[in-house]
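The two complexes that follow have subunit A in common; it is paired with subunit B in the first and with subunit C in the second.
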Partner chain A sequence: MKEAGVKAWLPSLLRLVLVVLLIAFVTNPGWFEPLLKPLTENNAPAIYNQGSLLTLTLLHLRTVLIATVAATIVAVALAILVTRPAGVEFLPLSRSLVNIGQTFPPVAVLALAVPAVGFGEKPTLIALFLYGLLPIFENALTGLTTLPANVVEAARGAGMTGWQRLVKIELPLSAPIILGGIRLSVVISLATATIGSTVAARTLGEVIIAGLLSNNLAFVLQGGLIVAALAVLIYDGLSAIERYTARRMGQETA
Partner chain B sequence: MIEIEGITKRYDATTVVDDVSMLIEPRTIAVIVGTSGSGKTTLLRMINRLVEPTSGVIRLDGADNRSLPGYQLRRSIGYAIQGHGLFPHRTVAQNIGTVPVLLGWEAARIKRRVDELMTLYQLDPQAFGPRYPHELSGGQQQRVGVARALAAEPNVLLMDEPFGALDPIIRNKAQEDLLAIQKRFGTTIILVTHDMEEAVHMGDKIAVMDAGKLVQYAKPAEILAKPASAFVETLVGASEKPFRLLSLGRVRDAVETGAAEGEAIPDDASQRDALAELLWSGRPALPVKGADGRPLGRVTVDGLVKRAARPA
Partner chain C sequence: MTIRFDKLGVVIAAIVSYAAFAAPFATFRANRIVPGEARSILDALPAAAGPLLLAIVVGAALIALLKTPLILRLAASVVALAALALLIGVSGSFLTPEGNTFARISPASGFWLLIFAFTLLLADVLTRLNLSPWARVGVLVVAAAAIGLLLVSGSWNSLSILKEYANRADSFWAEGSKHVTLALGSLAAAVISGLPLGILCHRVEKLRAGVLNVLNIIQTIPSIALFGLLIAPLGWVATHVPGAAALGIRGIGTAPAFVALFLYSLLPVVANTVVGLAGVPRAANDAARGMGMTDRQRLFGVEFPLAFPVILTGIRIVLVQNIGLATIAALIGGGGFGVFVFQGVGQTAMDLVLLGAVPTVAMAFAAAIILDAVIEMTSTRRREAQPA
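Presenting the complex of A and B:
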């Protein structure tokens, strides 16, 4: 009995510890200097000193947020469009377009985007946006095409218009699946955003690249760890929302 | 009044509903029976235009059902879909209030109506209103589905096997409630069922469908007495016919003069119940009493058996 109790709150405890550590690290990185010092050579600094970790973390999150919101809007809108009777013929076309977005390496997108929009955050946003479309689009498509026919017909039978059915029935019912796509997309973007620093976007990639350039393992590690911690926490949070919405509808979740 | 005229529905080469014409009088119940796949659901759904017919016309109170946009037509027609089709992400109360919300009723009026219907279907509004459909039993879900169809007090009600998942006791109750509602509001009902007992009990008229065709459309007594084909005969169940015929009649119509011993049977009981009671208790006659308890005479085994015979 006691063991089961421990098992139940252990994940929550670990999450809390991770949040506290993450906040402590980005606000007061100095506290952790002794831990990272052994990784440096020749008295190099153990803590990133060319900018505030907190600022970089927030900028990193901002970039990911903007790209994900844009990708969500476009992917969900596209999925809605091609699942309406009038849009069915665009389904194959939009599928292949979105797939190209995913197969094109983000580095190549950056290289191509820089001449067009210049250095900075913009090329990174474009790369993340294109890369994030596919999981959201595919999931939205799955969600909207696997709705229980009986329920959608009941909505029609009650006299809902196409728009009312979409907003009141179809989107809420596919919300857990769409959220699953957003979750995948966010996690990919969090990691991919680091390469944005190669074209002067201000993300946590800056810390990693600085570490690589000066052969400072401590920099590489702290940049990587912050990104990883963000990914774990956001993944976890979105999973919880997904489970909550699914459970309310009586769907079983693994 | 619902006039169905030469309605046909084809999917590619297969004809699912084949040139069906029938007339449903206002304030009556028409029951559609037939084997699985005979086109009952498709016929029903052409009335509220969930399915567009290939040819033919359906008129509601004289007006072509295509004279309104589909969604407006459907808000005015109650529809209990086969297998309830409740919205899983909305509470029981929200489910029942669906059409009133679409019609823009005031919140207070919607709540009053929802509570009224839930009470009618023996679902405590306090306890069940805020629940989600998956937290209900199959029979409760089905009752919520019927309540949702009734919510906006429609003049026309389409019901596709609404009582399939109910146990005999609740089903009886649900049937009686529906009959009471139908009497009170003068609703015109078209009900699809697999249960011949239910058809005979509920229907003012019964429509028998076979492979998309309407093979007979008549009063229950006539369907029982003069089945139009061997198919109808099988469907009504040859060995059950006399009992079904008796179940159509009330005791008051079989009363004979004279007295009998024992507990009296009310005059509004069905003749079938009276015969069952006679056979079970081994008596040749039962006294009959009126609603006020006054003795009216008696029913006899001989009398009832004569009534169960094939009408001339």
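Presenting the complex of A and C:
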């Protein structure tokens, strides 16, 4: 029994420690200088000195947030469209397109977007948007096409219109699956956004690339660890929301 | 008889009419860096070819717009794509001034949109035809052969991307083989070590959560950081382990890229092996045990074949992902097609970016189609075999 108790709160404790460490690191990186100093050579700076880590972290998160919100709106709208009677013709094609789209490497999307929109944040947003669309669309499609038939029938029998069924039944019921897609998309985007710095977007990738160029391992490590910590925490947070909505849906339909 | 419209056809016709009449077909640049001048279809092609292409494109769009038999739609999309592919080459030679080696002709947005529209039509037809796995691979082979023929025949030689290629033919193939070695080699390493690890995780429940969690966390480390972080340990190995340097292990270059790709590949392989083995029906296992099969016989004779399609799905994910990720190896001197992409971004020479990006996308695409077909074949065979 005791062991089970430890197991139950240990993950929460680890998460809390991670949050505290992350906040401390981005706001006061100087505290951690002694830890990173052994990784540098020739007395190079151990903490990124060409911009504030906090600003870069916030910019990184902002880029991911904008791209994910846009991708969610478009992907869910598309999934709704192809699951309505009027759009059902597009369903098989949209499935194959999603499959094809996933084979495009993010670096290629990023580099090809540059001539169209120039350097900076825009090509990164386009790449993240396109890349984020796919998992959300796929999950929304799964959610909307695998609803329990009796529930949908009951709603139809109760005289609900198509719109009412969509808003009150279909979307809430598929919300957990759609959230799962968003979670996947966010984690991919967090890592992919670092590549955006190769086309001059201001993200945490800047720190990593500066480290690669000046052969400074401390920079590579701090940039990579911040992104990884953000990804782990956001993944956990979204999983919790997902479980919460799934539980609520379970109660409401029961 | 009433005329009925195809819904996708409306979208295709809209794209085609914009692309053919309002967007530029080709871009002319006096050299590879300066901004280009746009040329429409009629300006970019010799006297007879321009109207011919317009007629083909409009005709194919009309076939797409109306409700027409699948075979007609297939023919329309193939004819339109073939005409576009041939005539963009013609446009390249037509627009290049005699004896000028600096001028660059590249396909412009109109061309790409037309290609997109008719590929959409083709994809729709192929989806609706519900082709067998073999037939899909066949379509891929035919398409690859057609593109190969166009490349070998030299009809695209006047286009900018091939001029970039002509300047770098040797390094193109060298980087290409490095790219393939990185992607396939790391996949092979991941399969060789991931399968036993997956089996172990399946058998020993205590290990499962721990191993999968560690692999999950590795996935969250951004690729460029992981590539960079491996420089130091591998550099240390190279200088301290006798013989390691002779094997080509170095802090910078292919070795850290290989290890990074390997680490990313482990999760899909291990996770899918675990899921696949867990999905083996209990009855099959019990029957095998009842027949007196040993653990090892059961693993190779029963569990493994049944879990194979799921494991293959993991391998497909890894292969497509690795082909894309290998482009990033260029950032740490690991070579691959990424070299051209990043050089091109640095010089703002988009043709050079394309020279790196197009083969990468093509390889990933082909790998996805082939492995999807293999997965479908193995899982149908399994389904047929099960009732027996």
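Note that in this section the second predicted complex is superposed on the first by the 249 of 254 C-alpha atoms of A that agree within 3 Å, B and C clash if a C-alpha of one lies under 4 Å from a C-alpha of the other, contacts with A are read in each partner's own complex, and residues count from 1 in each chain.
As a convention for this text, contacts are C-beta pairs under 8 Å (C-beta built on N, C-alpha and C of every residue); 3 or more make two chains touch, one makes a residue touch a chain.
No experiment lies behind these values; they were computed from the predicted model shown.
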Is the arrangement of subunit B and subunit C around the shared subunit A a clash or a fit after superposition?
fit
With both complexes superposed on chain A, which partner does A:111 reach: first (subunit B), second (subunit C), both or neither?
second
Touched partner set for A:100, first subunit B, second subunit C, both or neither:
second
For A:248, decide between first (touching subunit B), second (touching subunit C), both and neither.
first
Would you check which partner chain A:211 touches, where first means subunit B only, second means subunit C only, and both and neither mean what they say?
second
Here the angle between the directions from the C-alpha centre of subunit A to those of subunit B and subunit C, rounded in steps of 10 degrees, is 100
For A:32, is the partner it touches subunit B (first), subunit C (second), both, or none of the two (neither)?
neither
Taking the superposition as given, does A:223 touch the first partner, subunit B, the second, subunit C, both, or neither?
second
Once both structures are aligned on chain A, how many angstrom separate the closest C-alpha atoms of subunit B and subunit C?
21
Footprint intersection on subunit A (subunit B / subunit C) at none
Which residues, counting only subunit A, touch subunit C once they are in their complex?
39, 87, 89-90, 92-93, 95-97, 99-100, 102-108, 111-112, 114-115, 187, 190-192, 194-195, 198-199, 204-205, 208-209, 211-212, 217, 220-221, 223-225, 227-228, 231-232, 235
Per the touch rule, the subunit B residues reaching subunit A in their complex are 48, 50, 71-76, 79, 81-89, 98-99, 102, 132-135, 145, 148
Under the touch definition given earlier, write down the residues of subunit C that touch subunit A in their complex.
6-8, 120, 123-124, 126-128, 217, 219-229, 231-232, 320, 323-325, 327-328, 331-332, 338, 341-342, 344-345, 348, 350, 353-354, 356-357, 360-361, 364-365, 367-368, 372
Complex interface listing, subunit A residues touching subunit B
148, 150-151, 153-161, 164, 169, 172-173, 245, 248-251
